[in-house]
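Below is one structure, written out as structure tokens; comments come after it.
Residue numbering begins at 1 within each chain, and the chains themselves are lettered A, B, C, D, E and F in the order written.
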Amino acid sequence: MTYSCFDVQIDNNIAHIILNRPEKRNSMIRSFWDELPEIVKDIDDNAKARVIVISSTGPHFTSGLDVSSFVKAESDDPEEQRAARIRAGSDFYATVKNMQDSFTSLEACRVPVIAAIQGGCIGGGVDLITACDMRYATEDAFITIFETNIGMTADVGTFPRITKLIADGVARELAYTGRRMLAVEAKDVGLINNVYADQEEMMKNVMAVASEIASKAPLAITGCKRMMNYSRDHTVADSLDYIAIWNASMLQREEIFEAMKANAEKRPGDFVDLPAVKKSIG
Amino acid sequence: MTYSCFDVQIDNNIAHIILNRPEKRNSMIRSFWDELPEIVKDIDDNAKARVIVISSTGPHFTSGLDVSSFVKAESDDPEEQRAARIRAGSDFYATVKNMQDSFTSLEACRVPVIAAIQGGCIGGGVDLITACDMRYATEDAFITIFETNIGMTADVGTFPRITKLIADGVARELAYTGRRMLAVEAKDVGLINNVYADQEEMMKNVMAVASEIASKAPLAITGCKRMMNYSRDHTVADSLDYIAIWNASMLQREEIFEAMKANAEKRPGDFVDLPAVKKSIG
Amino acid sequence: MTYSCFDVQIDNNIAHIILNRPEKRNSMIRSFWDELPEIVKDIDDNAKARVIVISSTGPHFTSGLDVSSFVKAESDDPEEQRAARIRAGSDFYATVKNMQDSFTSLEACRVPVIAAIQGGCIGGGVDLITACDMRYATEDAFITIFETNIGMTADVGTFPRITKLIADGVARELAYTGRRMLAVEAKDVGLINNVYADQEEMMKNVMAVASEIASKAPLAITGCKRMMNYSRDHTVADSLDYIAIWNASMLQREEIFEAMKANAEKRPGDFVDLPAVKKSIG
Amino acid sequence: MTYSCFDVQIDNNIAHIILNRPEKRNSMIRSFWDELPEIVKDIDDNAKARVIVISSTGPHFTSGLDVSSFVKAESDDPEEQRAARIRAGSDFYATVKNMQDSFTSLEACRVPVIAAIQGGCIGGGVDLITACDMRYATEDAFITIFETNIGMTADVGTFPRITKLIADGVARELAYTGRRMLAVEAKDVGLINNVYADQEEMMKNVMAVASEIASKAPLAITGCKRMMNYSRDHTVADSLDYIAIWNASMLQREEIFEAMKANAEKRPGDFVDLPAVKKSIG
Amino acid sequence: MTYSCFDVQIDNNIAHIILNRPEKRNSMIRSFWDELPEIVKDIDDNAKARVIVISSTGPHFTSGLDVSSFVKAESDDPEEQRAARIRAGSDFYATVKNMQDSFTSLEACRVPVIAAIQGGCIGGGVDLITACDMRYATEDAFITIFETNIGMTADVGTFPRITKLIADGVARELAYTGRRMLAVEAKDVGLINNVYADQEEMMKNVMAVASEIASKAPLAITGCKRMMNYSRDHTVADSLDYIAIWNASMLQREEIFEAMKANAEKRPGDFVDLPAVKKSIG
Amino acid sequence: MTYSCFDVQIDNNIAHIILNRPEKRNSMIRSFWDELPEIVKDIDDNAKARVIVISSTGPHFTSGLDVSSFVKAESDDPEEQRAARIRAGSDFYATVKNMQDSFTSLEACRVPVIAAIQGGCIGGGVDLITACDMRYATEDAFITIFETNIGMTADVGTFPRITKLIADGVARELAYTGRRMLAVEAKDVGLINNVYADQEEMMKNVMAVASEIASKAPLAITGCKRMMNYSRDHTVADSLDYIAIWNASMLQREEIFEAMKANAEKRPGDFVDLPAVKKSIG
């Protein structure tokens, strides 16, 4: 399949999703929001990969939302105008929820998602990368909660997630001032896992991390992701109970024996992939 | 569209979903679980109706899950057998979640859903009706958490919801003994809104309730449903705050004026339907 | 002090707040929302009574919000118009929060609040009585979530609280249809504690209940109220812990001995009132 | 083993715990609080029964806490007096937590617990029965939150649990007035499952319910109890997820087949008991 | 207005609150706790500024609570002594809640609050600064949870908030040892946003940050603050939903267009201030 | 008492628990899981120390779970085999819960627990140290969520707790890759409080921290620990309320005066120990 905003490559159990509109600074146009969850769902439901890498092209990761592509033509029909007025709130609410769902697909899918960031990661870009599991960056990368600078409060996921990712006081400074935070500072505060000299260096290292993850038993990895998501939003007591009952069905002796044997024999393990998730129950 | 387990009629802003396999006691076969959310989503996303009524045919509302239709053929291939063994837990988890989502579509859709129950409402039937907004029944109707009688713990929604619907001690008795609860007792404990002599009488009254609901401003009704769902799962303080911010965009003067005027003129109000929810963001 | 919407009488440790605009069906005008919390706060902060009774006058308890008194004159100044447009959402949000706070004062005050309801308890009236501790009614009393009938979703407290008070399915029927529920049915579903032939009979009995409460140790009663509020919004485990640490400082041997002795001597106990709560910390 | 406050009989997978100090109105003395959880733990950890019935002897179920048995001798040593003063709060907190744990053992154990109540169920008695799964009573039974009458706020479990069991307004009336609620009213509000003419009649019926429960697959029953407890304290979404992952390991085909076969052959099922829970991990 | 513990200056939409008792090391006497929320409320309710800066004078930011000013004279009247004994717990509870509310006003107000810290920030000082949005410090600044050193557990806000601000293990070390943490270490762990050579340098930079914030659209900034507060205490799913419905009414096209235009024209935006919040509803 | 996996020394109010099987790399065999909570409970219930230090011997802190010691012999009896199959899920769940409880005893006990880590802290070792209050390490120490490398998802406490201890993205990298994190990096991300050249240096410093803690009023310290645990799992509002009511009984003037006096006189305070917690209520 081909997409208007992304290239997708799947190799060695790694799915690589690449933002491919560098000439437009990879701005998030309408199709962007539809294609991303479609791609992620396809990979996840069909167990096509054990890890997802999202990277970009050109000088900037993304300039964020393309506001112009959301402007609607207004109707001349007074009845339609009345309907539009009355529906304004519910229309807005539904649209933002849809956009949020687009990024939440990254958090909800069963495999880890890694963001590899170069240059500017602006506005909607911050919403996107905070929904990923891990973030790596080039030295020239920066992030900015740019919505503040144009009179908006970010609403596609930045605040719900960034409070769990970095120190509260730092997040507020970014939010209130709309300033740029460079990759090195972002690593310091725990937002970025590691910083590399340039895109090539970064991709080499990100792919090595991805390979490492892809070499593990998928059932173990998906359990880790589920527990990280779950623990973030629940008490310690609830999370302890949940992992106990989770592993009661998910921990599989055969995979453990294979992992131990493969370790001993210094060879890759031969693990079973996650089951495909059928749309239909039958 | 036609469905194998349901008839669907839409009239006067009321969508009527009818279980149509009375000869099989409306058992829940594979297609049942796929078709129900598809029907509900179509009605809701396209704003085809302002209220949904679910009723059934024959002597019993439903006999619940058709276990036989879930049995899988086992592979002869040892590799596939190994994969199936290792995936058993995650396969089961994914299947139950899918089935739960089928009934959660009733709770999540924007319009009220009314169940009209005759005869036996058994096993999966209880999971279904507890996900509806309101329940009406004939005198000969009964419900039973039948799973207990066949060595299972109900898992498609009964427990998460019934604790919020009826007295805890009564719910436990039903769960532990698997006994039948007749419609009259069910009304006493608040599970059933009203009991009628027979199916005809019930449908006449249920349709009157549905008409009443369909005559109100859709934006007001969907707000009520949202707040009932929200309040059930949040503290009073959180719910107060939520309805305040909800109405800041959802309460519409034009609809209020129209409602007041229509009341004064003793005519039906001319209200705007909920906006269609596009699958695509664009 | 005198109020435009209420009479207030304090006797025998019972504060009686009476809606006194029967000729206007005790509609909730602007001053209503300011005066009620002011009265409650004065009683509570100064420990002027051990229980509060709210009753009304005329054929109806209250017709609810007086919409007309909330209409604002629009400015001619384009700058002010622009500001008003931009502030519309935040203005609405702040206003509803203020109105909610008015009724939450009943829930938050340290002494029990009893509502005595005759005739119609309409719209805002339901928001009011659901914020009280207990509700008693005359036979001709009825409640209706009237907002639905005029194109609104109730937002001053009905939904956050009614889900915790009566069966979910019944609450939804009331909300979606806007129908009247008579006192007898309201008692059946647990919303009303008891129903009496007429206002006189009701007030006699309500005052007897109030006297009974006022005869107990205030510290014990305020603990009961705190725990009922707390338990409603927390898990059983959290609530168990809270009452243990609460009583570690609040349970007072002297009051227990006095209560036991008074019981034995069949005389009223001589208990210490709650401390006045100073506005200032000093 | 013998106990000072209880007789224990185990037959047909039913454990019967009987309060055996009728001459002292089964008051809760020090040993009462230690023995009850010990008995319950022994039954549960060793899977000695599939259901527990708690009944009492004499005219009253229990008069509640025996306050006299908690009075401590005061030391003459000033150092010890100082320590006692400073530790007063933490001592009280620890003691109440211990007492709460005594009743929480009923809620936490893996099998259902049924209370059979005759005569007065007073003070601590209410804390006890609200921690049970179900409650049955004789016609002359009554409950009273008696703590209020002696200047205390109940703290061994009544408030955290009763808010989830009966209508909020009714619970508050009981709490604030300390009045008696007779069995028939208690059944009306959902606190009592059923009322019987006398103790003999009650026990016959309670034992029939217990037998019915004991005839089911223990794994299914314990799942129902776990889900009722869990759902009471969690959102619908969390509870749906939990039962899905619970059943991924707990639902056992062999038990289902045996249950179905036994039903068809109209014979009792031959089910596997819950595993004993070893104190030691090894 | 003049205050005994603070100077207040409002310029360029920045309110500057200055602790002005350096000779007493800015200790928190009785009037301190009353004046602070009064000042904050006045600024916030009347929309007098778009950001608040709190700084101090003299060598130390604050020495914390002035214990001596809380000592009460004891009455000679035995009746009053008895009342005081019985009320001791509820009195203490009410007093601490009042003190907590004093600092919570910083968190609850609609505009960001910045603390600028020099020298010692001791005991109550930590409660204060953790309730602010951001913290900046001089090199010689230090914080200490001093309560531990004088036999107390801090109770005016330190623990509820510091767990969300810095690494758990570090917070515990500070709490258990009562040791000083210097500004540089505090920046490392995310408690302090930035460290400056001296007070003058710090104030210059803090005022630059404040100016930057004051230059943004107030509606956007208050949305950021609301979402940071909300997300800290809610799940990601709840927070996503909340920001969607928040922006449905709060996001204002006119402000966005003005912001974009101002950016393009390199001039300050002409934004609408938050609405004043009237005490009265009318 | 002697233990097979630990040496225990108590001196100067410091309990020192030492892993004493260096020749087996302090692997966690069956008795390990039983002994640890037994030791902790004995210290805590009998108030034998005011702080606990856990250190180890040999080149590595611990190699984690000894899988071999958990392998069970399978029965030859078909009935027992059937029971074992059916109980597999509930057996697993119960075993993991028991193991979790072993480490939760560290979190739940009333005094702070400090881990002193040298060399490898592997698999179960991470579950252990994340349940401690603070962590100190030698330069050669490293941690690894090793379970991932052998096809498992860690389930004895790592995920529920590590999300609250370090940056989310870093925790996920550790979990998904199973890589080693050295002490210095661990300090950077806030997992380790401090790093020392070697074991001797570390123990000297850890004991100094422990001494400092042991010199404070025990009631103040236990309050700090309770509030850190509580705040981690509750909202700011709930935590503020909890500390207010906690201190209403726990804050003791006598201890404060003694602490102040001792500070002034530059001598150790003479504080009262926590009360012993009797197993029996009497």
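Of note:
Rule of thumb we're sticking to: a contact is a pair of C-beta atoms (placed from the backbone, for glycine too) under 8 Å apart; a residue touches a chain by one contact, two chains touch by 3 or more.
Since the structure is predicted, the reported quantities are computational estimates derived from the model, not experimental observations.
Both copies, subunit D and subunit F, contribute mostly matching positions to the interface they share, with over half of the numbers common to the two. Rounded to whole angstrom, the centroid-to-centroid distance between subunit A and subunit C, based on C-alpha atoms, equals 47 Å. For the pair subunit A and subunit E, the distance between mean C-alpha positions equals 34 Å.
Residue positions of subunit E touching 2 or more other chains, listed in rising order: 89-90, 92-93, 164, 166, 189, 219, 232, 234, 237, 245-246, 248-250, 252, 255. If you check each pair of chains against the touch rule, the ones that pass are A-B, A-D, A-E, A-F, B-C, B-D, B-E, C-D, C-E, C-F, D-F, E-F. The residues of subunit E lying in touch with subunit F in their complex are 89-90, 92-93, 96-97, 100, 104, 107, 145, 147-155, 157, 159-164, 166-173, 175-179, 189, 232-233.
Every residue of subunit E that touches subunit C in the complex is listed here, in rising order: 30-31, 33-34, 69, 82-83, 85-95, 98-99, 102, 219, 222, 249-250, 252, 254-255, 272-275, 277-278, 280-282. On subunit C, the positions that touch subunit D within their shared complex are 51, 112, 133-135, 164-166, 189-193, 209, 212-213, 216-217, 219-221, 223-225, 227-228, 230-232, 234-237, 239-241, 243-252, 255-256, 258-260, 263, 269, 271. Those residues of subunit C whose C-beta lies close enough to touch subunit F in the complex are 234, 238, 242, 245-246, 248-250.
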